[in-house]
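Below you'll find the structure, written out as structure tokens, and then a few comments.
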Amino acid sequence: MLRLDAITVCYGKVPALREVSLEVHAGELVTLIGANGAGKTTTLKAISGLLSLASGSIEFEGVPIANTRPRDVLARGIAHCPEGRRVFPELTVRENLAMGAYLRRDQAGIADDLERIFAKLPRLKERIGQIAGTLSGGEQQMLAIARSLMSRPRLMLFDEPSLGLAPNLVERVFEIIAEIRREGTTVLMVEQNALAALEMCDRAYLLETGQMVLAGAGRDLLENPHMRRAYLGG
Amino acid sequence: MIKHLWMTALAALFAVATAQAQETIKIGVNEPLTGAVAASGTYVTNGARIGAEVVNARGGVLGKKIELVIEDNKSNPKEAVDAAEKLILRDKVPVMIGAWSSTFTLAVMPKLVEYGVPLIVETSSSGKITVSGNPWVFRISPTSEMEAVAFLEKLDTFNPPIKKVDFLSVNNDFGRGAAAEFAKALASKGIKIGVTETMTPEATDLSAQLASIKKSDGDALFVTTGVEQVTLVIKQAAEQRLTQRIITTGGAFPDQMIANAGPAGMASYHILFFSPWSADKAKYPDVAKVYVDEWNKKKWEFAGLTEGFRGYDAVMTAVEAIKIAGKAEPDAIRQALWKTKLHGVNGDIAFIKQGPEGKESGQSVPNVYIVMLKEGKVTQP
Amino acid sequence: MDQILQHALNGVVLGGTYALLGIGLTLIFGIMRVVNFTHGELYAFGAYLAYLFVALLHLDFFLSIALAALAGFALGALIELVLLRPLRSNDIDTVMLVMIGAWIALQNGEQFVWGGVAKLVPSPFAQEPLVIGPVSVAPLRLFVLGATLVLLVGFYWLIDRTRLGMAMRATFQDRDTAALMGIDVRGIYTLTFALGSALAAIAGALLGPIFLVNPTMGNLVGLKAFAIVILGGLGNITGATIGGFVLALVEEFGAGYLSSEYRDAFGFLVIIAVLALRPQGFFARKARVG
Amino acid sequence: MRARFGGLLFLALAATLPLWLRDPYFVAILTSTGIFIIAAISLNLLLGFTGQLSLGHAAFFGIGAYTSALLSLGFDVDIGLPSPVVVDPKPVWIAFFGAVVVSGLFGWLIGKLAFRVRGAYFVIVTISFAEVMRMVALNWVDLTEGPMALNNIPPLSVLWPGHGLTALVTKSQQYWLVLAVGVVCYFLVARMVRSRLGRALIALRENEPLARSVGVRVTHYLVVATVVSAAIAGAAGALYAHCVRIVDPDVFLFIYTVTMVIMVVTGGKGTLAGPVVGGLIFGLMPQALRGTAPPEVQWIIYGIGIILIVFFLPRGIVPAFADLARLRMPALRKPASLVR
């Protein structure tokens, strides 16, 4: 479905990613793990068009999408739920959700999706008129996820969805992501919480200082000695 | 690399300054052609252009044609100094005309002494210009004091008579000077002085000043500023139902009000140094006619005539002095200016001595006209 | 008392147009982070177009104002596309310098086309002032006040209630995330600049007939628009609206009761005071659009 | 090494210029350009090395001009004290240094006030400050003569062996004076930039939070830089007062600040040579354009010139040429001394 072939991304003259390749098949839940600054977020930004490539190619369903604008990537069916609960703090919950469906014109479909999301996340419905910046951290993360879903993506990119959340909320977020995947949306997730991510994913990739060092099924990586030593606390 | 740029800059400058053969007599013109007071400076420059054309059509002076070297002082005193230095050092003009505003003229004056070149001052009204002991300055425009004194003779044209006056002035030499001199002159005739308000030259909304003036029980308001603000004052005074008669000083005339008249019954009075509506009533109508005809031939704005004559008269004065001097050299022209007497558009031009002895400046005593503007019509009462 | 009412009325009429100018600038400032030195020139541009349409082409007065606004929109879009879009990745000073260059070129372009002589835009309204109790006001000024109020309400509606307004607010708050939502951020920039320019042009077209039109008319107005933006807080539209009225009233009463000479200084003194006491502006909860 | 040689050659050329270039007009415009180059050097200290864009720099220039003019002319002003403040005319050099000190004090004041805000707010505070100064100069007529301007300001003088105290009135004398002050300011800024203070300033420009976290006293350093910058601008203003010999409120005009900013940014902000190169170009360009086109067209060319330089050399002329030189001459990979 998604295929990154030896992509290199630079900030100024400094390469942040060097020849990274990665693949996500339809229906999979793939995670990308690595330490702070390893290039995980950069990878997602390159996919969604926020960053341009120095070299390499990205294909989505056989169509090259590297170096296109974010709105075109989104229009093809890739939604990117950014790191750090980036809701629009001064818009209401309703407006935030509407922003998620910005490219869609089918009012009826939007209304249906809104109902389904509210069924899943009733808290958001209660706070529909509230300014997003006044929501709690967990609620903001739910809103950010819900907002991404509003574009009806076929592939969802999650960037550190558990970052800064209380443990019970982390669990809830992962549940929701698993549910999204069960309902047929392919997921590529970046996580620092390697243990949880590896447990829930089909396949995983490990990034270190801008380079792909390991790839394999989640279970296999859990057993990998380097992985255990460096990321799973022995 | 730096050297390279340096040389390029030098080359550019030399290219511009290709010296011309000495077959013409140059007169420097230092006027604001861009910036805040560009409009008036352009009028005066146009008047000077006509003057040069008229002189050249009559065969020039000393057998040579006149050439105006026109420099823009960008409505800024520092640029006025730069322009003067350029005219003196680069173009080697033996006499200059300028520099419109008193501030620009005052800025240029030390340079006259430094290089020894006479300046014919065509517009500036500050008293300081001719009393500071600068023997290179010859002014054909009136000081505010002269204008005020001349105005006193026209007092009976106002009916009912003026009993108490208020002032609204632009807060520079021109405005403040006029307010002070008119107050002094009018007080000497027993007329009472009410409020004095000022405004910055760039101010457009004068409602606050007018509201304060409205409180006064004066029967005439003297307004001294450029033509644009004069127009604004008259329009806004009508809006606020000011009861005072408006009298403007300094030669500004709101020509835009002719096509776009104010409310019915409203009249304003304007002290002018030349009235193109009644050129036949000028002191030397034949002189005025030549100037007006040439101006109209060029299809320039009629309104510009009220200021353009300054440039015309200044060029004529310079030419007359060159003729008397018999040569186009600065000091000879300076000495000749003291002997110069001619009929100008405004009236007689001849210089009297002002300022400290031994270093006197020249000052001509110009004529003053009053016109009335009412419902888009101009009359000379 | 009469005086107070008269000053207040004058201040409110002027304040409306200040608000239009301030909103346009704060929008550009807030969304694009561009210190826009051409704002005052767009104001002069609008005024000159009003003169062109009304006095030279004898078009309908109201139509002329609308056309001036449209032309301002187009010129703004052009400036954005030609000058700002290619410089998107440069720092604020570099972009600012380009805007200064554009400002100088535009202002002198106006003088080149129109000459330095001020123009008067004729208005279809009666010259006789309306007298309402103790105060008097020209019908033209009342029209200007009405028009600015309608524009202000319309603008609030645009920002608050429309999809486009929402996209603009979203872009202001988080550019990257807005892009991820499918917003054409570059398009929003062009539109923002064009819209802000249109507001400046319409302010010029409305004030042109009240005052006079000349090439340097934009200078002081441009500086005042900055003052209003700071007073209201960066990117804060409500702040800019209130700031516009506050500045006009401060000037009007300051000139009326303290010193008319310092009229134009009051605004700047207020800014220094505001920034000394409350660096984020009077009305800013947080910098925001909307 | 080579750049240093270029610098020396430039200096030698500049110092001997009135001797071999017998064109007093050109010397005159170089003098007035030189004054603005000094002001641009001072602005560069703030804009280039701390990244703070002061758009009110003409205020310090104007304060310097007025202070020096007023001290050398003397004044008598009533400020509501029991007796009016009377200052007798002071020798010109005392007036000159007085101007430097007073401008520096204002720099301290503005630094303290304005560095509570950054970025766009700082820009506006500085613009407002200059406008207020202009209004004060315009309206405090008792002190400043308002729009009537202070004139007949005495020229600066030097103690010339054998001649006693000599007033510097000729074009060449003024040129050398400006050049001398300019060179002193240039090396002062160069020394500052290479000192501990300079490194702190650059750290600050590059990454303020980081600089803060490693203990750089941010506000303190910014204020010091502003004081020095304002003092140099004040010196330029004082030179202006004694060379042009008239000071009016227009010295506070925004266009003067703009001129300085243009000189710095087009030349290359944050480089020592930048303001000099940018200053020469944009100081001489208006003079070179004189007479080539109608005045407003000259301005249009000037405006478009700024835009083109920014478009094609966004970092400024000096860095662009330095890159070029390094590309051509691999031996010069190390930053050239004049440029860094």
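First chain written, first letter: the chains are A, B, C and D, and each begins at residue 1.
Here is the rule we go by: contacts are C-beta pairs under 8 Å (C-beta built on N, C-alpha and C of every residue); 3 or more make two chains touch, one makes a residue touch a chain.
Because the structure is predicted, anything quoted here is derived from the model rather than measured.
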Moving step by step through touching chains, the smallest count that connects chain B to chain D is 1
I'd like the most central chain, judged by C-alpha centroids against the all-protein C-alpha centroid. C
Which chain pair shares more contacting C-beta pairs: A-C, or B-C? B-C
Take the average of all CA coordinates in chain A, do the same for chain B, and state the distance between these two points in whole angstrom. 74
Whole-Å distance, C-alpha centre of chain A to that of chain C, is 42
When the centre of a chain is set as the mean of its C-alpha atoms, what distance in Å lies between chain B and chain C? 35
Centroid from C-alpha atoms only, then distance chain C to chain D, rounded to Å. What do you get? 32
Spell out, as numbers or ranges, the residues of chain C touching 2 or more other chains. 108, 111, 219, 261, 264
Residues of chain D that touch two or more other chains: which are they? 135, 138-139, 294, 296, 299
Pull out all the chain pairs that touch, please. A-C, B-C, B-D, C-D
Once bound in the complex, which stretches of chain B touch chain D? 1-3, 5-6, 9-10, 12-13, 16, 33-34, 71-72, 74, 76-78, 81-82, 85-86, 88-90, 102-103, 106-107, 109-110, 114, 126, 128, 132, 171-173, 176, 200
Any idea which chain C residues touch chain B in the complex? 3, 6-7, 10, 14, 108, 111, 115-120, 122, 126-129, 131, 136-138, 141, 207, 211-212, 214-217, 219-220, 251-256, 260-261, 263-264
Residue numbers on chain A that touch chain C, as the complex places them: 48-50, 69-71, 74-75, 79-80, 82, 86, 88-91, 95, 98-100, 102-103, 147, 151
Hey, which residues of chain C end up touching chain D in the complex? 29, 33, 35, 83, 86-87, 90, 92-94, 96-98, 100-109, 111-112, 219, 223, 226-227, 229-230, 234, 259, 261-262, 264-265, 268-269, 271-272, 275-276, 279
Of chain D, residues touching chain C in the complex: 47, 53, 113-114, 116-117, 119-121, 123-125, 127-129, 131-132, 135-136, 138-139, 254, 258, 261-262, 265-266, 269, 294, 296-297, 299-300, 302-307, 310-311, 314
